[in-house]
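Okay, so subunit A shows up in both of these, paired with subunit B first and subunit C after.
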Partner chain A sequence: MASLPKRIIKETERLVSDPVPGIKAVPHEDNLRYFDVLMEGPSSSPYESGVFKLELFLPEDYPMVAPKVRFLTKIYHPNIDRLGRICLDVLKSNWSPALQIRTILLSIQALLGAPNPDDPLANEVAEDWKKDESNAIETAREWTVRYADKK
Partner chain B sequence: MSNYNDEHGIGNSQTATPARGGVGHASQFLNLVSPEHLSRTPAGDSESQLDLGLENGGEISHQIAQQLLSAVSEGGLEFRTDLDDNEMFKSPQKGMDQAYFDSLERINKKKIRPGQTCPICASEFLEDPYPLLVRLPCHKNHVFDLECATSWLKEHNTCPICRTELDKPKKAVAQPDSEEDEDMAFFG
Partner chain C sequence: MTENAAEEASGFDVVSEQPSTMDMRSLQYVDPLDHLTCPICQLPFITPFQTKCGHIFCKSCILETFRSPIGQKCPLDRSPLHYKEETDGEANIEEDESAETSTETPKTRENDIFPAPIIISNITDDMRVRCLNLDRGCEWIGPRWSIKTHLLLDCGFTRFECNNELDEEPISICKKLTQRRYLDGLNSCPHKEYGCQFCGEMITKPDEEKHFTKECDKNLKKCKGCLLEFPLKSVEHHERFCDKFVEKCPAASIGCDWKGARELLTLHQETCIFTRLKPILDEKDKTIGQLRESTSFLSSKLEIILDSIVQGKVTNVGFPLQLDEVSSYSGQRSKRDSEEDYVHLLMELEGLRSDFMRIQPSISALEAQQQMISGLVAQNTHLMEDMNNQRMGLNSVRQQIQFLLMDRRPRGGMMESLMPRNSVPSVAATVSKESLSDDEGSSAGRSNKL
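Then we have the complex of A and B:
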């Protein structure tokens, strides 16, 4: 395996020594580009009681390209699809190599606290969200209890 | 790739394709950090959560934090693992050419603070006894290894730190007097 770029080593060290509150990212021992992530739902959101599992992978071209991130825990959110894929522009066209693993994880956590059903990529969840927001929030809360780990 | 681009309204035509079955278009996001979007950034405490870990000063972190929050409030593109997403950003007209790299201001290592790192590779500039450093015209502190800046700019035309769109060489003459205003201008 090719040696790990210094930037990835530094980012990993800082994630461990100075973790982001409410987010834990641990690299696999046999693949230091692959991280298991645990993310607490933000308070005052329907996800607040839960801890969500994600996977994060740093492609060969990182940081010229964004990390690949996906929810492994089922979650009811207008910007996250059934396969856990996340609709977030900083993971795509608005990626910049000055962003980091920690900033990406923070922006995903912020997305949990600020669902955006008006996103033109609207899926069924977003439709539900727009039709009856309080009902959608209730569903999100139920899914959190059912699928996420307890905080 | 063509299907993906068509579906997302990316390509020669910027026509938005109607969303269907959860797959929509992305053209709106291409201008995500326009002033209109920034003005819709959620205000207040969540901003302070965004620690970017950059060593170039709070002002810059603040900028990116604003953009991140804006991005969050706007949602974003569909995440697809089955395609090489980055292919679509490699359109040659978006990147800068050799003449541009040659025109960039070189920074003498005497002007570098001890411990200052490249925002792209995270190496300390002064670890290299003969660092080859450039400053982008957007801001006096936006300094990179030439090699790192080149890797990014050959396929993009924005500063990695502040996302300012970089002009082609002829217009890229830095104006020392207007430096302080650059950031504000960026937010419109």
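Then we have the complex of A and C:
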């Protein structure tokens, strides 16, 4: 494996020494580009009670391309599909090499606190959300209790 | 023969046929990197370039971004940036076609990125870095601008190709990558093997150090304890277990200065008072630490209680919330702990009381001073009144004098010349005269008078 760019080493060190509150990202020992992420649901959101597992991978061209991030814990959210893929502009067209792992993880946490059913990835969920928001929020809360780890 | 471990460590090599490229981004900086770092590689700028939107990146970082799917946009604010690489042959041809006539200055659109102010590269070039051969043993530290010179001309750990001829037939060149310190001052190939001075095994110059310390069975060193000789590679291991090796008492940290052979240690420890005290003192240390913690917690809570008592008196409201907090804390703790806390609270109160007693005398002194001050203020008021009365009297006297003067004026200027100039009446006279000569201009009137 090619040696790890200094920037990735620096970012990893900082994630460990100065972690983002409510988010834990640990690189695999045998692949330092692959991170296990634990993310607490933001308070006063239906995901509040849970801790969600994600995987994050830094492709060879990082930071010229965005990291690949995916939810491993099942989650009921209009911008996250059944496979855990996330619809977030900074992960796709709006990526910039000035962004970092920590800013991406913070954006995802913010997305949990502010679902956007008008720009959906999971169509059915988004439909539910638009039809009856309070019911959808209730479902999201149930799923959190059922699938996510307790805080 | 296996390659020397120190040589395998990564570092800087100079190889013919390849341009000696140095990865500036692998440099280790001595000081923390809080400022002047590129938003893309997050390291101090290397050839900083500025965009027309005012942002600065390394030249190579921003150009890599331009070639990536992100394209020619500023990574910080996404504003579009125009740039055409000068070295790009195709681009040059296109330019030539579009501007055939003006050969000297081809009319190209100006680039939106250009070198940043020189001071920025000066500062980043002055940052202190470690040698790239640190892992091979070079301790050099210097400004970033000088690292290339150091690596190419000075550093003994930079590897070069060995250009010496080998003894073999037909004659050939060695070409082995070798650290400069093994090549310098030698006319022959340092890879020529020779017998070890101790064991006779065939070794080469670059391998010598490793052979002596890690391999040779005959390179002997005395154990500092038993004075027997062991191969250098194993003497450290032996010393760790040698009965005669001199050790300090484990209780040295709390004051025992006994030193002696390891075999005598158990005997010493039987009589060593420090050794017996150590577990107790360690335990005490732990307890003190815990106590310190709970004391600081309690004193912060006590402050809240005292606050709420004081404020409760004033507002009659109190602070139920903070009191709840306090009681919930003690609820978690065992009964014995809370008794201890109670005793501690009493002590704290006692302390506050004694503090108060200590302050009391100065409070009464302050009160006495306060009284004195109010007495002085009253006196002062009296004096003021007196003074006002005097002033009023004076005013009435002045008016009377003026009246008298006015009365006399029609009879001639006699009185005026008889009066002393500086006295009050004379001033009054001047004023009245000036007001009379106002028609001719007051300045003229004044200069006449003086």
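What we mean here is this: the second predicted complex is superposed on the first by the 148 of 151 C-alpha atoms of A that agree within 3 Å, B and C clash if a C-alpha of one lies under 4 Å from a C-alpha of the other, contacts with A are read in each partner's own complex, and residues count from 1 in each chain.
Rule of thumb we're sticking to: a residue touches a chain if its C-beta (ideal position, glycine included) is under 8 Å from a C-beta of that chain, and two chains touch if they have at least 3 such contacts.
It should be emphasised that the depicted structure is a prediction, and the values quoted were computed from it without experimental measurement.
When the shared chain is aligned, no partner comes close enough to touch A:Leu72: not subunit B, not subunit C.
When both complexes are overlaid on chain A, the residue A:Val16 reaches neither subunit B nor subunit C.
Once the two complexes are overlaid on the shared chain, A:Leu106 sits against subunit B while remaining clear of subunit C.
By the touch criterion defined above, A:Asn116 lies against subunit B but remains apart from subunit C after alignment on the C-alpha atoms of chain A.
By the touch criterion defined above, A:Arg85 reaches subunit B but does not reach subunit C.
When both complexes are overlaid on chain A, the residue A:Val145 reaches neither subunit B nor subunit C. Touching more residues of subunit A than its counterpart among subunit B and subunit C is B. Shared-chain residue A:Pro5: touches subunit B and subunit C both. When the shared chain is aligned, subunit B and subunit C each come close enough to touch A:Asp61. Within subunit A, the residues touched by subunit B in the first complex and by subunit C in the second are 5-7, 10-11, 61, 63-65, 94, 96-98, 100.
Across the interface of their complex, subunit B is touched by residues 5-7, 10-11, 14, 20-21, 61, 63-65, 68-70, 78-79, 81, 83, 85-94, 96-100, 102-103, 106-107, 110-111, 113-114, 116, 118-124 of subunit A. For subunit C in complex with subunit A, the residues that touch the partner chain are 25-26, 39-43, 61, 64-65, 68-70, 75-76, 78. Interface residues of subunit B facing subunit A in the complex, by the touch rule stated above, are 16, 19, 22-26, 28-30, 32-33, 42, 46, 49-54, 64, 67-69, 71-81, 85-86, 89, 119-123, 148, 151-152, 155, 158, 160-161, 163.
On subunit A, the positions that touch subunit C within their shared complex are 5-7, 10-11, 61, 63-65, 94-98, 100.
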